[in-house]
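Paired with chain B in one complex and with chain C in the other, chain A is shared by the two complexes that follow.
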Partner chain A sequence: MTAITQPIAHVADSAALSVRLKEAAATAAVTVLLCVPIILFHANADINNVLHAIPRPWAVAIFAFLAFFGRLAVSNAAAKREARPESGFAAAVRQASAKYLPGIGLAALFLYPFVLMTLLGSGGSLKWVDSYGIQILIYVMLGWGLNIVVGLAGLLDLGYVAFYAVGAYSYALLATHFGWSFWICLPLAGMLAALWGVMLGFPVLRLRGDYLAIVTLAFGEIIRSVLVNWVPFTGGGAGIASIPKITFFGLRFASGPDGFDAFFHFAYSPLHGRMFLYYLILCLALITNLVSMRLRRLPIGRAWEALREDEIACRSLGVNTTNTKLTAFALGAFFGGLAGSFFAVRQGFISPESFNFMESATILAIVVLGGMGSQIGVALAATFLIGGFELLRELDFLRAVMSNGAGIAALCVGVATFGVIRSRRLAAQATLALVCLVFAARAFHWAPDALFDVFAMPDFDPAQYRGLLFGLAMVVMMVVRPRGFVATRAPSIFLKERKVVSGALVGEGRG
Partner chain B sequence: MDNFVQQLINGLTLGSVYGLIAIGYTMVYGIIGMINFAHGDLFMLSAFVALLTFLILTQIFGLTSLPVAFLIVLIVGMTITGAWNWAIERIAYRPLRGSFRLAPLISAIGMSTFLSNFVQVAQGPRNKPVPPMFTNIIHLGGAGHDISLQYRQIVIVVVTALLLGGFWWVIQNTPLGRAARAVEQDRRMASLMGIDVDRTVSIVFVIGAALAAVAGALYMMYYGVVNFADGFLPGVKAFTAAVLGGIGSLPGAVLGGLTIGLIEVFWSAYVSSDYKDVAAFSILAITLIFMPSGILGRPEIEKV
Partner chain C sequence: MRWRTDPLLVVEHLTMRFGGLVAINNLSFDVGRGDITALIGPNGAGKTTVFNCVTGFYKPTEGRLALARGGGASVAEIEALTRSARRGATTEKGELYLLERMPGNQIAWRAKVARTFQNIRLFQGMTVLENLMIAHHNTLMLASGFTFLGLVGAPSYRAAEKRAVDRAKYWLDKIGLVDRADDPAGELPYGAQRRLEIARAMCTDPALLCLDEPAAGLNPRESGELNALLHLIRGEHQTSILLIEHDMAVVMQISDHIVVLDYGEKIADGTPDEVRNDPNVIAAYLGVSDEAELADAEAEIGA
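Moving on, here comes the complex of A and B:
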């Protein structure tokens, strides 16, 4: 069993340096070919809206250079790679972290806003609670919700965002038209989303996996298209604005005399409202987690996992596959709907743009990168992906780092320190990746007269590179760890001793 | 009646483009069983490659003959896009060949994000106005009728038909096509028969990309504008077409493409242009519910 959990040791292709150099040269040549029109020339529209092809050969040169050395580094690393036995200390740390991580993580999550408030004050911590805490937790909840469908029942759902949208619009419409409170709308939104899940699922769940995937994708697009085009009902592309904010037993989080802070004799702070939202989404996410973990042990959950492993065997053993799939679908949709109505109350404004396919893809990526079916893995993946994505929004931080050599040097020292502690190879790779990033970003902005001013990028805008890095990270993470961060499963039922099951042994159903 | 014929022409034009993209999806699905999500963005990239090649030819080399320029654009576009898809397969999909089914899908979604953002960074986020090409119009049916056939539409249908004919010949009659079909039927058995599976898969990716490149060039020429975000919707529609026709079936992909194109155009003309995407996707869902393996697909028989 342990042999399977270990990554299969790469056969050390200790090719001679000349072979490796040849490979690197070939890679560079391919890169030049790929770059020929799309990088070599920039189609620039002039004032009369006529396009002109502007050449920029230095950019191709940079990419060829990067490809050459990148390929060399990869093949050098592959040649040196050998399976090292895990040291006793590392194994102990891993076991202890597996045991205590959920508890420590939970405590940290509950303390997070208070720690921030004492460290940064209420003004400074607002952003960290909102765009890191709440934003990540929404995706954790969505990931856990989708995990029921994809991870447990093995149904590939590419339109999960549709249920998120149903939840968001349910609350927005009920609240703006009828003035209903969030607390009534929250369960209603979940139920409406579940209803939609059943309505969609009933006809299509007979389909095989990939057909199911495309139908769910189509359903997501249909919902979005309806939201855009049904202007009288949904407000169209302009969305719905001024959605009522959340209340605490009727108290609004506002500065007035009838507000939450005045009632409890606190000094007014916008942070309190955000903190309330933070704890709300934390609780919602934990409920999602609790429900799916508990259901996993019940007959229905076992039926889900059995369905994922082998549908034919399930059917021959008398499991009603349609109902089993439908419950998974409806439950996943229910939590998606809850998250959606939370999203609407948090934003105060929703538009169809928030519910495009990229959202579905991001949530699915979180589930798969986390390791399908693993709850803690999904939480980790959401933190990495969404946190990283938000971090790239920190224009000033990254611009400060990137626009002068000192910033980059500081970053390199940081990586090197990390490397001394953890792994030298990892540090070398990270440094290399960092330098590549700087060069690649530089390639588009580089003018020949700035030849010696490689590292200073005053016009560097990290926002442009967010999507690029996000996509690249998804590919790299998948190639490096296809089974996700947490590639082992804890069995829900066991004889005498709980043995860890490798993720490689867990199948995924054909829907 | 005039309107009907006019819409038929428009629908066939659009359907040809979808069909060309759909073949890339259906071939890749047939041979390695993965949904190549990046294919739509590859199509968008190829439209940019075509645009830039056209600009280079006309502005830097001073080429004046439009048909010659367009022919060169097609050939260059097919080569470069083929190289792109070859590289993508090598980097993002081949390491995941033996992995579980969702792994290459996620990798492909990442690649799709990467490609569209790459083009955005490299070429800027704004719409690129394409210089007008083949702008002549033929009026059909004589006086009293209002049916126009644009040269562009003739170019699209003719190029598509020629290319599909050539492609069909390659798949049916060459050793390469035989290898591709053999790998599609049974990868392991094919490798035991001495077929280089990796090479065959690579070639299939290159062929799919070449067809998408032609679609990209035609799209650029027909619509007169390209944008980095143009890959998603045509990509999803083309995938829908591939599924509708029966995924894995090459005539099915073309048939599905034409069907989707016609549905979209007729729905826009006679019902509502707002809901044309809804119509296309609803037809897909309905077809799949009653005909789960598509129009020309083989039903999958699972042996226990």
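Moving on, here comes the complex of A and C:
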């Protein structure tokens, strides 16, 4: 049997090779055509303000090279995809992780600031608690809130940031004008946001799909415009500054004798205030999660999902679709408002800048990337996206590697290796070896420096590639996992055993 | 002849216009309590439009749809309700509703009219059991104290949920899908999806069940099972059935009363035997087979 099939497979392979080469050549040609107007000339103004067009043929060549071998690598990856049987050990690990992962993850989240504090000291861990821990958790909470509207009820909402803004401004205004405590303002902010959710909900009840998306987008922009233009009330573009900080039963997190640390006889550290905020947002996010998980198992949650699947069938079964949609909008907005009011107390300063469309898009991207309707998927996506953005700021070594040319050279070598070698494992090993060789060659001047200068990017800043990487990550994700990280749906009730529902069957919602 | 003595639904002068198009024109018929009533007619006769009016998906341009649950309502009671602005009222023997005044979800929940669809509308990504649980939505919403009691896990809600599951199990048993209760509805074979849609409608405990072409695409064995299911529904659950069907064998075999529509108007109304021999029906279904008209046509072309 093998003797017969082998030559045929070989023929098919070699036939495919010419096709693949043709495809790769075509891709490279298109890349060259695109690159000529965009990157061939570098426009540079000299001291006399005269523009010079400096040609960069090497840049075009590098792009064409990457396109050619990148295309080959993609077709290689697509061709060699065979399902390997899962070993008993891997299956056991998977089952155990599914069982214990929530508990372990929760414990890790609660221990995270303490572990950092012991490892890095109170000064060094501040950044990790604040711009990683708190920042990511805010987006996790926003993602879970929006997940109710988009993931469960299937209502595409592009203006979610409006409720975040309502929550933030509610706290900021109530606290600065009336001096109300955060703990009173927090539920108030949530309720005000929910009220706006219902107000948005009413006019858009009849709209579906694209139309709904456009109106919610407009709603988000209206709220932002009001914040910018209603200067006497909101402070306009200048925003609201010196918003009261959070207190712990009336104790401020400050260095004075009436502060938190003095009261408990701790040495003063700014980290304590941040840690308190971290636990606060962790609790808020967990409440969001708990409530939406519970609601999924209640008639209202089931009606949301049914609404996403088929609105007409819902009506024929006596489900009041108006109320069902409004509760989804209101509850999603409520959690957005809570997160907004937390944002205001954390920052101490808010302005309309923080509530632009990019925020809505990021939150929606988190929900879609996570897998619509999946709680754990949303949390993973928020960590991946927001944590990834923040990590780009840390990659200073990349700046050195990119500016001396070794980075791009290594990238070219890697892509070429994956394009030429079809076995994935072999290609990975070869790439590792070759990349090390490239770095060594640069470091020890084995090759002429002029060669590396071709690849050099003198003013490279990883943080500037945020948008590019964001887009790239989304495209790759949607190609590899079109239904998000978690592409299955867990049923809300079962008779004998809980079987997961494949994402291919689950509706995305048209209203 | 129950539709003449004890009607569940009285449709009078029903007219539905879409702009200039008259889909139904001055249609009146009765649906008998406990009957299987068939609505037949050629394609485009307006059968599904009648369904959409009865179940509240369309608001009729004109006409009255009076549904009397329980023991029927007198003409005086219907007239009294019509003069008032209300949607429904309790009568001496039960409850009376004017369907043309109610939104679809109220028709399903208050007047207890359930329906299935010509192109199956199941919640594909939800399991079979979840599909049936949605049918208990309003009961469970009340039991969960509009979610608040359910959120804290009140025992009264848990008991209500258990009752709903038991009810779902009962219907799953009747349609032979107990073993597939935890599978997504979208993975079921076509015939099972049709049966599940009927079971889901029955879980709302309807007084009137409207079936839009339930036998479409079924093989003869599945058709037989469907007949048995409909007889069970009528016999054990006192649910009256209104159905649209193209398969004349099915229609003649199971229905007590047939209403025939053509171009939005009623052309015949009676028992299967009466309808079968009605010249208007034969003409509508088979085209004109009139000797005289044939002679006219021949004279016209000068043959």
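Here is the rule we use: the second predicted complex is superposed on the first by the 421 of 511 C-alpha atoms of A that agree within 3 Å, B and C clash if a C-alpha of one lies under 4 Å from a C-alpha of the other, contacts with A are read in each partner's own complex, and residues count from 1 in each chain.
Following the convention adopted for this analysis, a residue touches a chain if its C-beta (ideal position, glycine included) is under 8 Å from a C-beta of that chain, and two chains touch if they have at least 3 such contacts.
A quick note: this is a predicted structure, and the numbers were derived from the prediction, not measured.
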item	value
Touching partner for A:Ala262 - first (chain B), second (chain C), both, neither	neither
Chain C versus chain B, contacts on chain A by residue	B
First (chain B), second (chain C), both or neither touched by A:Val204	first
Touched partner set for A:Ile312, first chain B, second chain C, both or neither	both
Chain B versus chain C as contact partner of A:Val74, first or second or both or neither	neither
Which superposed partner A:Asn320 touches (first chain B, second chain C, both, neither)	second
Touching partner for A:Ser225 - first (chain B), second (chain C), both, neither	first
Which of chain B and chain C A:Glu497 touches, first, second, both or neither	second
On chain A, the residue positions that both chain B and chain C contact, one per complex	312, 507
In the complex, chain A residues that touch chain C	291, 294-295, 298-300, 302-303, 305-306, 309-310, 312-321, 489, 491-499, 501-502, 505-507
Interfacial residue positions of chain B with respect to chain A in the complex	29, 35, 45, 48-49, 51-53, 55-56, 59-60, 76, 80, 83-84, 87, 91-92, 95-96, 99-107, 109-124, 126, 128-131, 232, 236, 239-240, 243, 247, 274-275, 277-278, 281-282, 284-285, 288-289, 292, 300, 302, 304
Touching residues on chain A, where the partner in the complex is chain B	30, 33-34, 36-39, 41-45, 49-53, 150, 156, 203-204, 206-211, 213-215, 217-219, 221-222, 225-226, 228-229, 312, 357-358, 361, 364-365, 368-369, 372, 444, 464-468, 470-475, 478-479, 482-483, 507-508
In the complex, chain C residues that touch chain A	55-57, 104-106, 108-109, 114-115, 117, 121-127, 129-130, 133-138, 140-141, 144, 147, 150-151, 165, 169, 178, 181-184, 186-187, 200-201, 204
